[in-house]
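Two complexes are shown next, each including subunit A; its partner changes from subunit B in the first to subunit C in the second.
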Partner chain A sequence: MLTLILLLIPLIASILVLFLKGESVKWFSFFATIVQLIFTFYVYSVFQNKEAAKSLLAINIEWISSPKINFNIALDGMSLLMVFLSNLLMPLIVLAGFNRTQERSHIFYSLVLLMHFALIGVFVSFDGFLYYIFWELALIPIYFISLNWGGVNRSTVTLKFFIYTLAGSLLMLFGFLFLYWNTNLHSLSWFDLTVNHICSCKQGFIFWMFFIAYAIKIPLIPFHTWQPDTYSTAPTQGTMLLSGIMLKMGLYSLLRWLLPIIPNGVAEYTPIAIALCVIGVVYASVIAIMQTDIKKLFAYSSIAHVGLIAAGIFALNMQGIQGGLVQMLAHGINVVGVFYCADIIINRTGNSNINSLGGIRLLAPRFATYFIIIVLGSVALPLTNSFIGEFMLLFGIFEYNSWAAIMAGLTIILGAVYMLRMYQKVMLGDLNENVTVFEDLKWNEELVLATIAILIFVFGIFPKPILELVEPIATEIFKISFVK
Partner chain B sequence: MNTLIYTACLGLFGLLAEIFNLRKYLIPIMVLGLAVIFSLNLQTWNHPETHFNGMLTDSNFSTAFSGLAIFIMLIILILAGDFYTSSDDEKHISDYMAILVFTLCGALMMFSYANMAMLFLGIETLSISLYVMAGSRRFEVKSNEAGFKYFLMGSFASAFLLFGIALIFGVTGTFSIDGIGVYMRAHADQLDPLFIVGMLLMIFAMLFKVSAAPFHFWAPDVYEGAPSLITALMSTLVKIAAFAAFYKLLSVCFVFALGKAEIILTVSCAATLLIGNLVALTQDNFKRLLAYSGISHAGYMLLAIISLQGSTDSALFLYSAGYAVASLAAFAIAITVFKATGTESISGFNGLGKKNPMLAAGLSMAMLSLAGIPPFAGFFGKYFIFSEAMRNGYQNLVFLAIISSIIGVFYYMKVIVAMYSKPANEFEVKPTFSYQLVIIVCILLSIIIGVFPGLFTKLL
Partner chain C sequence: MTQTIIQTSNLYLPTILIPLLPLLGFFINALFGKKLGHASGWIATAVLFGAFACSLFLFLNLPTGGSETITISNWFYFKNIFIPFAFLIDPLSITMLLVITGIGSLIHLYSIGYMHHDEGFSRFFSYLNLFIFFMLLLVMGNNYLIMFIGWEGVGLCSYLLIGFWFKNQAFNDAAKKAFIMNRIGDLGFIIGMFMMLFYFNSLNFDVVTIGALKLGMGNMTIIYITLFLFVGVMGKSAQLPLYTWLPDAMAGPTPVSALIHAATMVTAGIYMIARSNVLFSLAPHTLDVILIVGTATSLFAAVIGLKQNDIKKVLAYSTVSQLGLMFAALGMGAYESGMFHVVTHAFFKALLFLGAGSVIHAMGGEQDMRNMGGLGKFIKITFATFLIGTVAISGIPPFAGFFSKDEILATAFEHNKVIWGLLSFSSMLTAFYMFRLVYLTFSSSFRGTDEVKHHIHESPATMTMPLIILAACAIIAGFIGLPTIISHTHLFKNYLASVFAQSKLIMPAGHEMSHSMEWILVGTAVTLALVSIAFAYQKYVMQKHVPAADENVKGISKVVANKFYVDEIYNTVFVKPIMLLSDLFLVVVDKLIVDLLVHAIAFITNQIGRALRLLQTGHVGFYMFAMVISMIILLAVQIFVVI
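Moving on to the complex of A and B:
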């Protein structure tokens, strides 16, 4: 029941917001996301009480009798972690739009909240078909957000994004149908699929159907080509949604719907998957170094970071999975931060080329402070939130193969190179002639950045609660997938 | 059976209306009449009966499809009120209405036939009405071309159908579909070659009627040339009626003989999917686009015909319903826009997102439903059909269907992109009340079918 409420709050809000006008739209959306966040904490308190949690959190009713599809939603640790991440980022994303004027803002926020609904749905569904519906549903609002409120060349870029992701999803649908009719329980319930595996001879085939879908969403090289364009064209809040939460759908799905369901297929093709991830990490980092467009630079850096997470997951050991979960949370927070900073710079200067910016620190010292914290967070400096996750990921990959770990480890060095160089060029040095005025942060911007900065330090200095939340989940996934 | 009789009476009434000078009230009366017939039709639910010495049978299959067909005709008649507004049209309005209702009669016969003669009668009643309606814009060359082309090709196919029926009658000695079914079961191991030939001829004729490749060439020209409202009728009611009749024919008469025809059906299905979707990519005219999209939808429905076991009929029904409501919504919006812009090309939709956000949102949802994206009805229809085909072991065809769905998304998106990201044209669009009503009802139904598909699959 509680899970259903978590799901319904954004849906109802997205319908109600259509009837509002002007500034009230933003306040209402902010209010709805805050309510959702507070409710998440309540759900977490219920979750800790193992006895009560089962009956309160899970719903399983028949939706369609043949082929059997159940409306099966529940919350386990991993779902809760992802729901927590979405609900934490959502108020920030809404808040980020407070000092921007948008045409038809009621439709915009309605789509944002609809997206929120779909994302929560992806994370709490335990029936393959239901999960697929939410997975597809998440695509529609973000497509219209980018198409209507995006930048130059948006129709081509968003079409590419849409077709790319939809192609992946349809392959996944094929995979699900195949699973349904080729396992003897004829059910897509996660609990059935994890126990009753499909014959090993067919797992390899299913692996590719699912892997391509997730590789497009995450995105992994060579399925990433939609991502940099889409990130730089979409409106900022769209980019924050895409990079902060939507891309986590892919990573989450690896852990939920790939590893436990076709363990043999995964084991068979892991070398290829890891190779793709590691090549992606290095490739994206090198490209990021050469970028002069600030948003594209962050987009490629994001590819590098998620590539590392995916590699850790495919290392198929405890450290990798645990690190992946921790890093998903950390990356979600950091990437939203960097894209917001990029947006603040582009919005004030009208310029996104790092070579023609400079000296902003002189004009906006508070912004510079927050920006450096977020930059340091994303280069995984010790005491920031991504340090612990990246460390565990590399450790996991190292256990799998030391060469892969060495290659993947380059991401930290290269990451420091492009991020710090970017910061130096944009923020430090003398004032560039293109930058004459740069207003320091407005209240809502400061609130967003301060929250992110605090989260970066809090999770960096006290990672223990997160690790404790994540450990049983990782153990469980590991047990379901590989210990037979 | 009552449904059929009342519908025929309603058609006759339409003809008489001219005498009594009821032109003004004709459409409301017809709509009301159809609404009554719709509710009467529901009474046959779970009352399977045979009428006219085994010529017609009522079954849940026929009730469900009849309900859908009457609903479609109801929508078409509501749309007709603001469609036929020119002075020439007004002179003929009662003829048009009567012929439209006779089309429905033909469709109803095709759902409930139990005898080959009735199948043929149904198809002919449906087709002849449509030949007339397709050419009903007398002063337009394209409309004349459409009517004539449709007539020539259609009568050719009817001849095939008739020849097939004759051959099968020659072998089995009966017109009754149950009788043919009994013969087919009894002689399943060694069927008479003439029976096979007869079956193949009938299959070819039906493939023509559903506009499956390689018998699809008539469809785009006819769809483009016919008045838009008639195009809407052809792409929904006619296609669904033909598929239901086709399904019934194969499942009752030819199940065990299908091994001989499987390769034909499979190739036709694959070709229909690919040709429909690929050629649609290059279309600039919205009606032609919908024609090719209709061809590709015929491909998906053929997949259901090929699987032909288990609950394929309910999958077919769900697909038909989802396809019909989405198409009707798309056509209602398109007719409004055509009227405002005076062009039928996709560029006519440019900037609709700014001019009239509600229309644009409606058309987007209709396109997403046709493209098969959840949570709209189109997705569930596709899902059920794919699932049934997968269950019966047609994995390769399902894979091909999935690839062609991906291709299909391109051209549906083309319309959406035109509406939202192209600069606006100079025109004013304002749908009339009846059009708004139709659009809202169809979109809502599309979502309802999407969220509760179980309600509709249980009908059969």
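Moving on to the complex of A and C:
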């Protein structure tokens, strides 16, 4: 029941907000997301009490009897982590839009909340079909957000993005149908699929159906070419949604719908998957070094970071999986931070080329401080949130193959190269002639960035609660998937 | 699954106060620095003196040869690996603590005067405090992960402080270079940690040591671990081939050079090896690598130092060279001698840097020695203290540098005569270029403009006080480690004995050198130093030789003055290709190959659609015709193929 409420709050809010006008739209959306966040904490407290949790959190009603499709939603540690991430980022994403003028803002925020609804749905569905519906549903609002509120060349870019990901989803749908007919229970329930594996002979084939779908969403090399354009064209709040939460759908799905369901297929093709991920880490980092567009630079850096997460997951060991989960949270926070900083700069200067920026620190010291904290968070400096995750991921990869870990470890060096280069060009040095005025942070901007900065340190200094939250589920996935 | 240890030790409070005080100072200065104004400098200095007092308390209260682990929390765990947040207090960490907080507080005090007119005054002190906090974590942690936190943290502060005057992009470049070079090393450190986790399931020093002892002498695993750790060390302690960031790091304010790039951070590598001494002792091949790298660095940097004209650059290359000497000592298994030189070097090199800062302060920012000269008359305290530091680094008895250097050279003589020869030569060069520096700066007559000459003044008391204290230390610090020819109680060695006890058991002990031999060595070393000094005197005081302007430098001198073009080589071999690769990846792979495929698929789909559209003619006759034909084909298939 509680899970259903988590699902309904954004849906109802997304409908209600359509009837509002002007500033109240933003305030209402912010209010709704805050309610959702507070409710998440309540759900977490229930979750801690194992006995009560079972009856309160899961719903399993028959929806269609044949083919057997159930409305099955529940929460486990991993779902909760993802729901927590979404609900933590949502208020920040909404708050980021304050003090900005926006046409038809009631539709915009309705779409944002609808997206929120779909994302939560993806994370709590335990029936393959239901999950697929939410997965596709999430695509619709972001399509319209990018199409209507995006930047230059938005229709081409958005179409490419839409078709790209839709093509992947179709492969996944096909995979699900195949699973349905070729397992003897004829059910897409996660609980059935994880126990009742499809014949190993067919797993290799299914692996690619799912893998490509997720690889496009995450995105992994070479399925990534939609991403830099989309990230730089979409309105910033859209980019935040995409990079902060939506790409986590792909990573989450690897752990939820790929590893435990077709373990043998995964085991068979892990070398290829890891190779793709690790190459992607280095490849994207190297590209990021010479990027001049600040949003594209962050887009490529994001490809590198999620590539590392995926590589750790495919290393198929405890620390890789656990590290991947922790890092999803960290990456979500940091990536929202960097894109917001990029947005603040572009909004103030009308310029996204790092070569024609510079000296902003002289005019906006507070902004400079937050920005460097977020930059340090994304280069995984110890005591920031992404350090423990990156450490565990790399250790996971190391256990799989030490050379792969050294390759992937180059991100430590290359990440510093492109991030510090960017920061130096944009923020340091003397004032560029294009930057004559740069107002320091407004209240909402400061609130968002301060929250992110605090989160970066809190999770960096106290990693234990998060590690403990995901530990049981990582153990479970590990057991289901690999302990025969 | 969690272990709880309740601390009852009386060392608990002072131990946690040591890092907490600078952290507190950082927060105060970072949050309220603007309002505090110049008070922030005094607060930053005060917290550090507090930390120094706590360190002294530990020094006095820790039983001889004892060690104590102070656990703050069970920080986190995964799988069966527990990472505690705990401090290890033993003679080694106390030695480092005293150096860091002691010299650190003097440098803080000095900075109050030095940075007085800078608009970033409070920001400067907040960074300094933060640096001290991370440096303390580095030396206090009881496992490699805490050490790594400090390790990267000091790298961050070094980045922030080198680029402190961030309007200047050259300074920012230097800061970025330092951070990135350090990160190359850090990758090695991380891989080393992974190997430890993999083989020993722990990062705690004691567990790793026990695990390593079980694997035994010359085990390949330990050799790999130590080699990877040494990669980290090369970055942090500026050894070949990762040393080029340190001379550039002189872009930062001079107190930063004294604190970070001479006395403390760059010696972190020596601390790490000393801390892991058992591992390194078990890996003789790694020790050989360290010995070779150390000796080569020592010599290489000393040669470059001969031709530098920037007062801070000379000191920077001298630091690299002295660090090389320390690594050579470690490479021979003489861990105490290496640590001893860390301590004495911290005193006299901090003194020299601060002295150089005082000179720069007097000269209104001028750093080129060719525009100085004759300053001894104007700034007497600076001159006197600087001279003491120079004599100390040159290895003239009874100053501090003599004792520690002599110890290393004596070990080298026993170990390998070639190494001894190279290190002696490097020491000789050191004496030469340091006195070249002194003569060019302080003797003969002033070569700068009159405007600068009027400006020259002795620095305020906040700056001269630390100079005097450090000079006193540079004179007497050597007495804690007297050579056997004078006394049989080597205080420093005895104090650290417990830390290196296990290594001593593993490694073959060198036989005691005869006293006459040792006297000969001492005599040789001192004679060589005196000859160099005389040579420098002859050239720069008698002949009043002034180094030529940059464009007039020719031949081999030009190569040396340009630091053997190592930066240029790195640029061509590493930086440029990566930039090229970046463009190549984007333009060729991303845009051309991958996107072309994507567009090709779209195009083919489009074309198929176009082709099939032609079939939709709307003529019912055509549809029926097609239907009949299809049915015939299906029937034919049914009949001929299936049967």
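Going forward, the second predicted complex is superposed on the first by the 484 of 484 C-alpha atoms of A that agree within 3 Å, B and C clash if a C-alpha of one lies under 4 Å from a C-alpha of the other, contacts with A are read in each partner's own complex, and residues count from 1 in each chain.
The rule is short, and it goes like this: contacts are C-beta pairs under 8 Å (C-beta built on N, C-alpha and C of every residue); 3 or more make two chains touch, one makes a residue touch a chain.
Since we're looking at a predicted model, the values are computed, not measured.
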item: Combined model on subunit A: subunit C and subunit B, fit or clash; value: clash
item: First (subunit B), second (subunit C), both or neither touched by A:I289; value: second
item: Touching partner for A:W181 - first (subunit B), second (subunit C), both, neither; value: first
item: Partner chain(s) touched by A:A315 [first = subunit B, second = subunit C, both, neither]; value: neither
item: Partner chain in contact with A:R154 - subunit B first, subunit C second, else both or neither; value: first
item: Which of subunit B and subunit C A:I133 touches, first, second, both or neither; value: first
item: Which superposed partner A:L173 touches (first subunit B, second subunit C, both, neither); value: first
item: First (subunit B), second (subunit C), both or neither touched by A:I163; value: both
item: Which superposed partner A:V417 touches (first subunit B, second subunit C, both, neither); value: second
item: If touched residues of subunit A are counted for subunit B and for subunit C, the larger one; value: C
item: Partner chain in contact with A:I64 - subunit B first, subunit C second, else both or neither; value: first
item: Those residues of subunit A which subunit B touches in one complex and subunit C touches in the other; value: 163
item: In the complex with subunit C, residue positions of subunit A that touch it; value: 160, 163-164, 222, 224-225, 283, 286-291, 318-319, 322-323, 359, 361-362, 376, 381-383, 388, 391-392, 394-395, 398-399, 402, 405-406, 409-410, 412-413, 416-417, 420-421, 424, 428-430, 463-464, 467, 471
item: Subunit B - residues contacting subunit A, complex; value: 311, 353, 357, 364, 368, 373-375, 379, 383-384, 386-387, 390-391, 395, 398-399, 402, 405-406, 409-410, 413, 416-417, 420-422, 453-454, 457-458
item: Of all residues in subunit C, those that touch subunit A in their complex; value: 74-79, 148-149, 152-153, 156, 159, 163, 166-169, 172-173, 176, 179-180, 183-184, 186-187, 190-191, 194, 197-198, 578-579, 581-583, 585-586, 589-590, 594-595, 598, 602
item: Residues of subunit A that touch subunit B when the two form their complex; value: 63-67, 104, 107, 129, 132-133, 136-137, 139-140, 144, 147-148, 154-155, 159, 162-163, 166-167, 170-171, 173-174, 177-178, 180-181
